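In what follows, structures are represented as C-alpha cells.
Two complexes are shown next, each including chain A; its partner changes from chain B in the first to chain C in the second.
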Partner chain A sequence: MFAACADPASLEGLTWLACYLTTGKHMAIYWSVGTVLLLLAITAPVALAFGFGGAVMARSHIPPVAWIGRGYIAVVRGVPDIAFFLFFVIALDQAFEYVRHRIKCPDWTDPVRQGNDFLVCPAAKLPLSTAPEWVHETYGFLVAVLTFSIVFGAFAANVLYGAMRAVPHAQIETAEAYGMTRRQTFRRILVPQMWVYALPGLSNLWMVLVKATPLLFLLGVEDIVYWARELGGTKTPQFTDYPHGDWRMWYFLALLVFYLGVTKVSEIGLERLMRRLSHGQATTGGELLRKEVTQ
Partner chain B sequence: MKLILSTATAALIAGGALAQDVVRMGTEGAYPPYNYIDDDGEVAGFERELGDELCARAELTCEWVTNDWDSIIPNLVSGNYDTIIAGMSITDERDEVIDFTQDYYPPTESAYVAASEDVDVTSGVVSAQTATIQAGHVAESGASLLEYATPDETVAAVRSGEADAVFADYDYLLPIVEASGGELMFVGDRVPLGGGVGMGLRESDTDLREAMDAAISSMKEDGTLNELLVKWFGDQVATY
Partner chain C sequence: MTCAATIADYALRSIGIGERLLPRSDFTLCEQVTLIGSGMIWNIYFGTVALLTGFALATAVALGKASRNPLLRKPAEWFVFVFRGSPLFIQFFFAYFLFLSLKSAYPAWGAFTSAWLGAALVLFLNTAAYSAEIFYGALRSIPKGDTEAADAYGFAGWAKFRRITWPTMLRLAWPAYTNEAIFLFHATTLVFFSGFPAAQQRGDALYYASYFADKTFNPFVPYPILAGYFILATLCIIAVFGAVNRRLNRHLPAERRARRPRMMPQLAR
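This part shows the complex of A and B:
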C-alpha cells in the first residue's frame, strides 16, 4: 500500500502496524464490513415484507391461505437456523436451476439426479459456469439475502400477527360503525396502529439479525467474523511478511466494538421510531407524549 | 427457435470435451503450506501453484474460491464450485460421495504436537479438525477428541492448554513447530493415514476428472510435481 511497506521485516512500531493493517488481506475485512451492512440494509425490509405477507395470510378467513401462512410461521421458526442454512439454500438453488433446466433444455434426456449429484444442462446453471467471479459472488449474496429474509420473515410474521391482534377491538368496531369495509378497516385503522405493538418484537429481531451474519460463511460469503478468525490466527513467518501470535482476541475485541456500535446506533434509531409511532396512540407511551404536549 | 436452441445445446456438448471453460477451484485457505490466504488476500500455497499449472496444462480457465471445511463437500456436490483442492486425503468414505483424481501428494503422515514431552497421546485430550481423517483416528485411539472447525484453532487449543496435543498432517505442523521457538514439539510416533491427497470432483464430472488426471500424470512424468513438492514441503518430502 505505502512505499515504506516494501520491506516489512525492517519496520517497527506504528509504521509496522500501519503497513500491517493495510495489507490486501485487511482490505478484505474492511470490505466485508460493507458486505454485512449491505446485507442488513437489504434483508431488514425484505424480511419485514415476508413477515407482513405471512401475518396477513395467517389471519385470512380463507382456510387454505391461513394454513399456508401458519405453516410458514411454524415450520421456519421451528427449524434451527444452521440446518436451514445448510439444507434450504442448497435446495433453493437447485429448485431455481431445475426450473431453468425444464425451460431451457427441453431435449435433455439424462436424469437430473445422479446419485449424490444434481446435474442440469450447462445453460441452466445459476450462475452460468462461464460467468465471471463477481457474478458468482453477487448470486451467493442474493441467495443469502433471500434465506435470511425467509427465516427472519417467519419470526416477523409472528410478531406482526400478535401486533395485529393487540390493536384494541373498540378501534375496529368503531371503524365498522363508520361503515368502512374490511379492507378499509385493515388499511386505515389496523395497520397504522399495529406498529407500536410490533416494534419491541421487531427491534429484538433486528438485533438477532445483526448478530446472525456469521452464518453467511456457510453460504460462501466471507463475513467479518470469518476474516477476524482468519486474520487473528497465528501466522508463521514462512507464509507471511507479518508473522504474529494468536491475535484472535484483539480481532474479536474489534468485532465487539463494531457490534456494540451497531447496537447503540440501532437503539437510538428505534427509540426515535417508537416515539413517533406512539403519537396519538391509546397506549401508556402515547399517553405520556400527550401529557408532554399539553403541560 | 426451439430447434436452434437444441442444436446449439447439442453443439455445445459435442464441441468441447468439457462443457465448462471456467473451472471453479474450491479450497479452504487455512491450511499452509497446502493452501492459505497470503498477505494480499489471494489464495496461495502448494495447491494454488499446482492447481494453476494443472489448469494451464488442461487448457482451462480456473478461478479460486474459499469455503469452510465443514461444508466443502456439500457445496461441491451442489455445484457451487467444480473441484476440491484442499489437502483432502482420498478415503473410502469420501469416495462414496465424490470422486477423486489420482493422488498429487503421496499418502501423508500425521503427527502429534504438544507443549511438553511427557504427553500421553493415547489417553489425554487431543484436538483435531472436524471431519478429517485425523479426527477419525483420534476417536479410535482412546484419547478424548476435541474437534475444531479450523486447523488454526486445533493448534491454538494446545497453546492455551485446552488440549494436551494436536493431531494433524505433519506438513501442516512442521512450520508451526519451527516458528514456535521450542514452545511446541512433536511427540509420539508419526502415523501414516489416508490414501494420498487428491482433487475431489463430482461423480458425474468424468470429463473434468480425466482432464485433471491427465494433467497430474504429465506433471508426475516430467518431474515438475516433485519440484513443487520439494519447494513447498522441503527435501524430506516423499516424492513420485
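This part shows the complex of A and C:
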C-alpha cells in the first residue's frame, strides 16, 4: 500500500502496524464489512415486506390464509433462529435445484434422493459447475439474504400484526362511517397510522438483525468473523512478511467495538425517526412533542 | 439395532455416558431423535445455570443502574451497553480466545476454555445484562403510591426493598423476563458453533442436528426434530414462569392481574 512498506522486516512500531493493517488480506476484511452492511441494506426492506405480507395474511378473514400467516409467525418464533439459518440454507438450495431439475431434465429417471446424496442433473445445478467463482459467492450471499429475510420477516410480521391491532378502533369505525370500503380503510387509515405503534418493535428488531449478522459466517459466507479468524491466527515468518502470535482475541475485540458502534449509531438514528413519526400522532409521545412546540 | 438399544447407547451420549462412536451411516429416525434429545441436556444445563446465576447479578446491576451514585451507575450502564450492544456470537468468540491466551499465560485458566465453564460464564453475563435492563425498566415503573405507602408504614432500607420494591419489580418485569428466558434457551445453541470445542463430539442439540444434516444432506429430518424439542422446552418455560407469575400476582384482584405472558411482545436478542 505505502511505499515505506516495501521491506516489512525493517519496520518498527506504528509504521509496522500501519503497513500490517493495509496488507491485501486486511483489505478483504474491510470489504467484508461492506458485505455485512449490504446484507443489512437488502435484508431490512425485504424482511419488512415479508412481515407486512405475513401480518396481512394473519389478519385475513379467509381461514386457510390466516392459518398460514399465523403458522409462519408462530413456528419461526418458537425455534432458535440459528437452527432456521442452518436449515434454510440447505433447504432453499435443494428446493431451487429440485424445481430446475423438474423443468430442465424431464426425462431424468433416477430418484433425486439416493441414500445420503442429493443428485440432480448437471444442467439443474445452481450455480452451474462451469460458472465462475464470483457467481458461486453471489449465489451463496443471496441464499443467505433470503434466509435472513424469511426468519426476520416472521418477527416483523409479529410486530406489524400487533401494531395493526393497536391503531385505535374508533379510527376504523369513523372511516367506515364515512363509507370507505375495507380496502380503503386499510390503505388510508390503518397503514399510515400503524407505523408509530410498530416503530419500537421494529427498532428492537433492527438491533436484533444487526446482532445476527455475524451468523453469516455459519452460512458459509466469507464475512468479518471468517476473516477475523483467518487473520488473527498465529502467523510464522515462512508464510508472511508480518509474523505474529495468536491475535484472534484482539480481532474479535475489534469486532465487538465495531458492533457497539453500529448499535450506538442505530440508537441515535432510531430516536430521531421516532420523534419524526410521533409528530401529530394521538400518542403520549406525540402529545409531548406538541407541548414542546406550544410552550 | 432396536430403538430401545439405541436409546440405551445414545441417550446420555452428550455427557459422555454410553456408546462412544457416533453412527456413521444408515441413520435411523430413532438415532436422530435420541442423539438430538441427548444434546438437549447441554441446552438445559446452559440455560438453567445462566438463568439462575444471571438473575442475582441482574438484580444487582438494575439497582446499580437506578442508583444516584455515579460510581455505581456508570459501571452498571456500561456493563448493560456492552453486553446488549454486541452480538452474543462475537462475545463467545472473544471470550474463547481471551481464555485461550490467559491459559497460555496461567494454566489455571484451562477450565475456562471448555464450554461447560467458559460458555456458561458468557451466557451468565449476557443474560444478566438483558435481564438487568428489564428489571431496571420495571424498577422505574413501580407505582409511586406503593413506595409512599411503604414509607407511611415505616418501612425503610432493606425491609422496604425486600418486602415492597423487589416483589413489585419482579411482578412488573415478569412477562418480559419470561421472553428473556425463552431467548436465552434459544441462544444456548450458539455455544458449540463459536470456538468452544465439543470435546469427543459431545455437543448440544443443534450440534447433533447439523451433524446429521451434513452427513445425510437432508435437512428435513433433523431440524424439525430439533424444532420439536425446542417448542417443547419453550412450553415448559412458559408453564414454569406462568406459575411464578400467578404467585407474584396472587394478592391482586382477578381482573387486574397481569394476563398470561404474551410470548413475544418485545424481542430480546
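Operating definition for what follows: the second predicted complex is superposed on the first by the 287 of 295 C-alpha atoms of A that agree within 3 Å, B and C clash if a C-alpha of one lies under 4 Å from a C-alpha of the other, contacts with A are read in each partner's own complex, and residues count from 1 in each chain.
Note that in this section a contact is a pair of C-beta atoms (placed from the backbone, for glycine too) under 8 Å apart; a residue touches a chain by one contact, two chains touch by 3 or more.
Given the structure is predicted, the values throughout are model-derived calculations rather than measurements.
Student: Let me test your reading of the model: by the given contact rule, A:L215 touches which partner, first (chain B), second (chain C), both or neither?
Tutor: second
Student: For A:P80, is the partner it touches chain B (first), chain C (second), both, or none of the two (neither)?
Tutor: second
Student: Is A:L205 in contact with chain B, with chain C, with both, or with neither (first, second, both, neither)?
Tutor: second
Student: In the superposed arrangement, which partner chain does A:T130 touch: chain B (first), chain C (second), both, or neither?
Tutor: A:T130 contacts chain B only, not chain C.
Student: Regarding the shared-chain residue A:G233, is it in contact with chain B (first), chain C (second), both, or neither?
Tutor: first
Student: For A:L256, using the defined touch cut-off, is the partner it touches chain B, chain C, both, or neither? Pick first, second, both or neither.
Tutor: Touch status of A:L256: second partner only.
Student: Using the superposition on chain A described above, determine whether A:D117 touches chain B (first), chain C (second), both, or neither.
Tutor: both
Student: Can you give me the overlap between the chain B contact set and the chain C contact set on chain A?
Tutor: The answer is residues 86, 90, 94, 116-118, 217-218, 229, 246, 248 of chain A.
Student: Using the touch rule from the top, collect the residues of chain B that touch chain A in their complex.
Tutor: 2, 5-6, 9-10, 12-13, 19-24, 29-30, 32-33, 36-42, 44-45, 63, 65-68, 70-71, 74-75, 77-80, 82, 97-98, 150, 152-153, 155-156, 159, 175-176, 178-179, 202-204
Student: Chain B touches which residues of chain A in the complex?
Tutor: Going through chain A, the ones touching chain B are 23-25, 27-28, 86, 90, 93-94, 97, 104-108, 114-119, 121-123, 125, 129-131, 133, 136, 140, 217-218, 220, 222, 229-230, 233-234, 236-243, 246, 248.
Student: Can you list the chain C residues touching chain A in their complex?
Tutor: Answer in residue numbers: 25, 81-82, 84-91, 93-94, 97-98, 100-101, 185-187, 189-190, 193, 206, 209-210, 213, 215-220, 223, 226-227, 230-231, 234, 263-267, 269.
Student: Considering the complex alone, what residue numbers of chain A touch chain C?
Tutor: Touching chain C: residues 75, 77-83, 86-87, 90-91, 94, 113, 116-118, 155, 158, 162, 200-201, 204-205, 208, 210-215, 217-218, 225, 228-229, 232, 246, 248-249, 252-253, 255-256, 259-260, 263-264 of chain A.
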